[in-house]
Amino acid sequence: MNAPAIRISGLRKNFGASEIIRGVDLDIHRGERHAIIGPNGAGKSTLFHLISARLPVTAGAIELKGENVVGLKPFEIARRGLSRSFQITNIFHNLSVFENLRCAVLWSLGYRYSFWQRLAGLKDARQRAEAVMEDIGLTRRRDTPAGILSYAEQRALEIGITIASGADVILLDEPTAGMSNTETEEAVAMIRRVTEGKTLVMVEHDMGVVFGLADRISVLVYGEIIATDAPAAIRCNAAVQEAYLGTSVNHHE
Amino acid sequence: MKSSFVKRLTLAASLMLIGGSAAAQVKIAYIDPLSGPFANVGDGGLKGFKEAAEILVNQKGGIMGQKLEFVGFDNKGSPQESQIQLKAAIDQGFRFITQGNGSGAAHSLIDAVNKWNARNPDKTVLFFNYAAVDPTLTNEKCSFWHFRFDANTDMKMEAITSFMENDKKIKKVFIIGQDYAHGHQVARAAKEMLARKRKDIKIVGEDLHPIGRVKDFAPYVAKIKASGADTVITGNWGNDLSLLVKAAKDAGLKTRFFTYYAGGLGTPQAMGASGENQVLQLTEWHMNVPTKSTEKFALDFNKKYPGLYFYYLRVNTMTEMVAKAMNTAKSTDPKAVALALEDMRFPAENGEVWMRKSDHQLMQPLFISVFSKQDGKTVKHDSEGTGYGWKTLASISQRDSQLPTSCIMERP
Amino acid sequence: MSSIFSRGRLLLWGACLVVAIALPLVFKSGFMLSLLCQIGIMVVFALSYNMLLGQTGLLSFGHAVYYGLGAFITMHTLNLIGKDGSPLVVALLPLVGGLAGMLAGVVLGYVTTKKAGTTFAMISLGIGELVAACALMFPGFFGGEGGVSGNRVIAKQAFLGFTWGPQVEMYGLIVAWAFLATVAMFALTQTPLGRMANAVRDNPERAEFVGYDTQRVRYLMLILSGLFAGIAGGLTALNYEIVTAETLNAHTSGVVLLMTFVGGIGFFYGPIIGAILISVMQIVIGGMTHAWLLYFGLFFLFMVLMAPGGIASVITVQHKLWQAGLLGRMLPHYLATALPVLVLLAGLVGLIEMGYALLAGEGVGAGDTATKVMGMQLQLNAPEPWAAALATAALGLLLTRWIGGRTRVAWNAALAALHGDKA
Amino acid sequence: MEFVVISLLNGITYGLLLFMLSSGLTLIFSMMGILNFAHASFYMLGAYFAYQISTWVGFWPGLLVAPLLVGAVGAAVERYGLRRAHRFGHVAELLFTFGLAFLVEEIVHLIWGKVAVDYRIPLELDGTLFTLFDTSFPIYKGFMMLVSVGMLVALYMLLTRTRIGLIIQAALTKPDMVEALGHNVPRIFMLVFGGGTALAGLAGVIGGNAFVTEPGMAAAVGSIVFVVVVVGGLGSLTGAFVASLLIGCIQTFSVAMTLSITDVFALIGVALPEGSQVARLTITQLAPVLPYVLMVAILIFRPRGLMGARES
């Protein structure tokens, strides 16, 4: 039980000749909120894709709660309690908000591929989906097809699907991208609320969000982690300032 | 939604009724494909029957003064649809049906007719089969309610092998066929009969290929060539036959091909010159067999329907025999007609024919002919405008193609 | 919405059942009864197909394989029972067909469902071809050209008065099975697997990240779809008492695709409409003109381009407009568009019918010189009928574009109002 | 030996014809993501157009004009049909081409009838090119090989030496790239579809008279072309080439084998029970379905195909 939530060692990823992730080592402790920042093209999303098995690993190891997960399929990792969101909204467009969330909770409640139980009779699935719907503030849109929600609503649903399964390790890929200031504030509050007691790893460009939420921050530059530390320490880290913060911390998008 | 559906059904029903309420006539339902890929075959048959009814029956006094009429029912080539069309015909008062294209549909109809007659003895239906050649239809599955006017696969092979028996040049035979019931039957019959008649003939190869799926027959031809065969027997029809013949010509293969269906609709055209002097066929008749009146009938038919070529003499034979049976029985009751047809001997245009009582199989003379250049003498007429026609090599009397039957008929 | 057994739904199911049972009382002829039987079987088959296409997003070109194998196994079982069984056993035979279809799904689906989308479509086509080719190679099992036949009346004694001999009893059996299968297939859409199939259809990637093996979901849905296709096959076997290789070839697969798509893949009841409509159209239009295959092709393309949601979606949208009180606004537009469309259709039908008559004769093969179109006797060697038909079609096209453009504006406005209300 | 050489020549000829068909299909699929179900219908149209032209002005003008006409028809189909269907997604596109195949067949029935037309090999190509161990190799087969190879070279030049070729090539491996390049994508799509169908049309022109020009010819090759594309790997022209030749040769050589299934299993040491229908089947009997078996095997053991770069 002492193993970290995620332990990455010597991780590499090549696309043809170009090396995008060049030997990343990183431990993420249980229950911490960890942000990964870095300039565009540093490989942040790729790192997420590797952890969640959306892309195959070239070399190195990834352990989830002490268990090697390299080579597993995405659904196998999801079943081991890791859940992720996407930078580009990735929801079930033709299903209603409620159905989106209910789909997300079914596996973790053990209903698997059941075709002998009626969905309507699954009280726990309904309650969990409704609770998440309340959490992300979409209750009044319950029966609206997800495809015609507003952008901010779709982003909220994206996070809702991610947390609905009750996974204890949550990966959020730019959860506030493209949101207005007020929307971002609401989203941050929501994320803080729904990830209480869980391990959170997030990629984020909005430094306000990063420094407001994260317990620790890792800085990824050109496929390597140049620093991992508490926010205050990162703020004063010379290498980080040189590589990244110095130019953009004050007027980032 | 529901009401428009009801309207459609009513419409369909009324259409059917209008079709069925015509004046006093003897009507035969022609259940064959009239749309889809085989529509040309079905359509040609229907036109043949209509023409035969008009010229051979109605212009000569009809049936007890009534006119004989053939009405088309489109079974779309499917055995299931055949049954639906049978029901439609019965609804409209038809008591006689005819069908020929596809043994599948024939089996389906024979079953349906048997069951219908058993369940509705007061409204029996009689089935005239003019072209479905599966031997089982007059053997294991024979029925009192079914009459076949075409020689079956085994009888045709009996005739072909009788011809081969006397041709001492034949030493090595290769059998090739489509991989389905008909092809299997041809191969089996050829082997059995050759073994009986000419022990010295060697079967040097036997191949079955999936029906309608082979694009290039060159590899098969290479194999035939390698086997050293001088004669090929094939039950192939349609493109599988034309492609085989074309590939043989390309590779310079000089064997003779004994076929069932080389004279059939479109095949002469597709074979063209590549079939010259190499392709033989077995039929009950062809354009260059001298007849009293069929030559004129055929030429008139070809002129009336450009693009169609008169091919089935048995259509005429069947029409005349059915009319004769009705006139002798003085009845259009299916059972009476069936009894009158049994054992009937009839002077058809190709010679005397006999409807055997024990299995309802028509015995008729058969001709072996070879595809040759039109010369105005022995090859007076060409086939399908190709410049090539059929030259008779031998005729086999109806006695020589008779085979015993295993039919145990349930008679009403 | 949430319960299968809500009162409204129970009423609807009941009404359908009553109508189905009452139909033979209205249409007494043997032909109509045969047609109704055919429709009943096709409803089950099309619904089973929509489990793949509509619910899981799998476009299959080889669904007839499961239907056909179900039919063959049912027929062999029927013949195996021989004279000793009771009509009750016969009535249960479609279940045997269903199990056979399911087993075929277990074996073949393992290969086909490895992929989704376009690849699945190609593989299903290949597997379909493979099985169809094999069907001709093994006459021992598939009965060769004559197929396999049997007799559904296996015993003299009746079961509750049923022997299944008369067609109307068979119709009753088909209705019973079709009803059961339809309820079961509807219930399946309301289960975790059914819902996850929708999720996999919408977004397979996300489905993986919420813990589902999409391949497994597709596989299970295919197996279950095979079950119902097999039941439909079993009913065909009993109804026609003969099964031939045509039952499992590409043509049958194409027909079920046509029915399902035209009816509407997005709604549970769509395939039912499609099965009824196409079966009836085949008979009615097929009885009226030899060009029916061409009309079918054009109709299908029209549906793909203009109403990809099928007839069910059109009905549903009208229903929603009606609920929102907008249908009244649209009706005059519909009527206004109907007129030029009818003119266009008249012109096109005239051209096609004359073309068929000229090029193919009555049926095929000969050039007729005259033909009857919509009650008019037309001379084909004169230019006037052609000019008239062409002018009619052109006029119809112009008017349709003109009036249709205005209708589209109104239509878009109505749709916007509809969605605005909801949002 | 004789047999091997002859079979090899036959296999290559057939394989090259398959490649002419599958190359167009692969191009269209790679660029547009559309699996053109009606591809073989364009092959058929090519044969019929060439037949019609040959009855008016002879074979040689038809060789050039017929593929162009087919390409024009293809471009029109893309412009007025597919582009609209595209809005409703891939299933609608696939269904559109499915319906189109059906419609083309019915129209061919209507115009040219239901039986084969007399589309002949031109006189100057009718004859024997050379005789190898007593088996003649027709000139026309040599001509077919020449045209296919010529097309192969031309296609290669087009893809490697021209601007549009480079764009297409880029699109083969990275479908999203084309839009990023800022090109008039709809126009390129129309060109590619027209070009792909023209290739099929060319195959029809030279295949139609070598075999038989009849309304069923599209259905006869339709599914085998899909098999080629799946086996070769979706989106890979090289793969399509290799798979075409492979399938051409497999079909030719398997006809030559007189082994039965029992013998094959005996080779790997498994004895099958005597007398069952499966055991009696020979390889020859199975020849034309072997490509489908190969496809299934490829899907199980190497799902992306022989040369495929993309997973789906």
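We call the chains A, B, C and D, going by the order they appear; numbering starts again at 1 in every chain.
Here is the rule we use: a contact is a pair of C-beta atoms (placed from the backbone, for glycine too) under 8 Å apart; a residue touches a chain by one contact, two chains touch by 3 or more.
Predicted, not measured: the structure shown is a model, and the values here were computed from it.
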item: Pieces of the assembly without chain D, by contact; value: one piece
item: Farthest-lying chain, centroid of Cα atoms versus that of chain D; value: A
item: Intercentroid distance (Cα basis), chain C paired with chain A, Å; value: 44
item: Inter-chain centre distance, chain A versus chain D - centres from mean C-alpha coordinates, in Å; value: 46
item: Centre-to-centre distance between chain D and chain B (centres being mean Cα positions), rounded to whole Å; value: 36
item: Intercentroid distance (Cα basis), chain D paired with chain C, Å; value: 31
item: Sites on chain C at which at least two other chains make contact; value: 133, 137, 293, 364-365
item: Multi-partner residues of chain B (at least 2 other chains); value: 39-40, 179, 208, 210, 213, 307
item: Contacts with 2+ other chains: residues of chain D; value: 109, 113-114, 285, 288-289
item: All chain pairs that touch each other; value: A-C, B-C, B-D, C-D
item: Interface residues, chain C side, partner chain A - complex; value: 2-4, 187-188, 190-196, 198-199, 201-203, 205-214, 216-217, 220, 224, 419, 422-423
item: List of chain D residues in touch with chain B within their complex; value: 2-3, 6-7, 10-11, 13-14, 109, 113-118, 120, 128, 131, 134-138, 140-141, 211-212, 214-216, 220-221, 224, 251-253, 255-256, 282, 284-285, 287-289
item: Residue numbers on chain B that touch chain C, as the complex places them; value: 1-2, 5-6, 8-9, 11-13, 15-16, 34-36, 39-40, 42-44, 46-47, 72, 74, 76-80, 83-84, 87-88, 90-91, 102-104, 106-108, 111-112, 115, 119, 134, 136-137, 141, 178-182, 184, 208, 210-211, 213, 304-308
item: Of all residues in chain C, those that touch chain B in their complex; value: 19, 26-27, 29-35, 38, 133, 136-137, 139, 143-147, 149, 151, 165-167, 236, 240-242, 244-247, 273, 276, 280, 283-284, 286-288, 290, 292-293, 315, 361, 363-367
item: Chain D partner contacts - residues on chain B that touch it in the complex; value: 37-40, 179, 207-210, 212-216, 218-220, 222-223, 225-226, 239, 242-243, 246, 250-252, 265-266, 269-270, 272, 307, 386
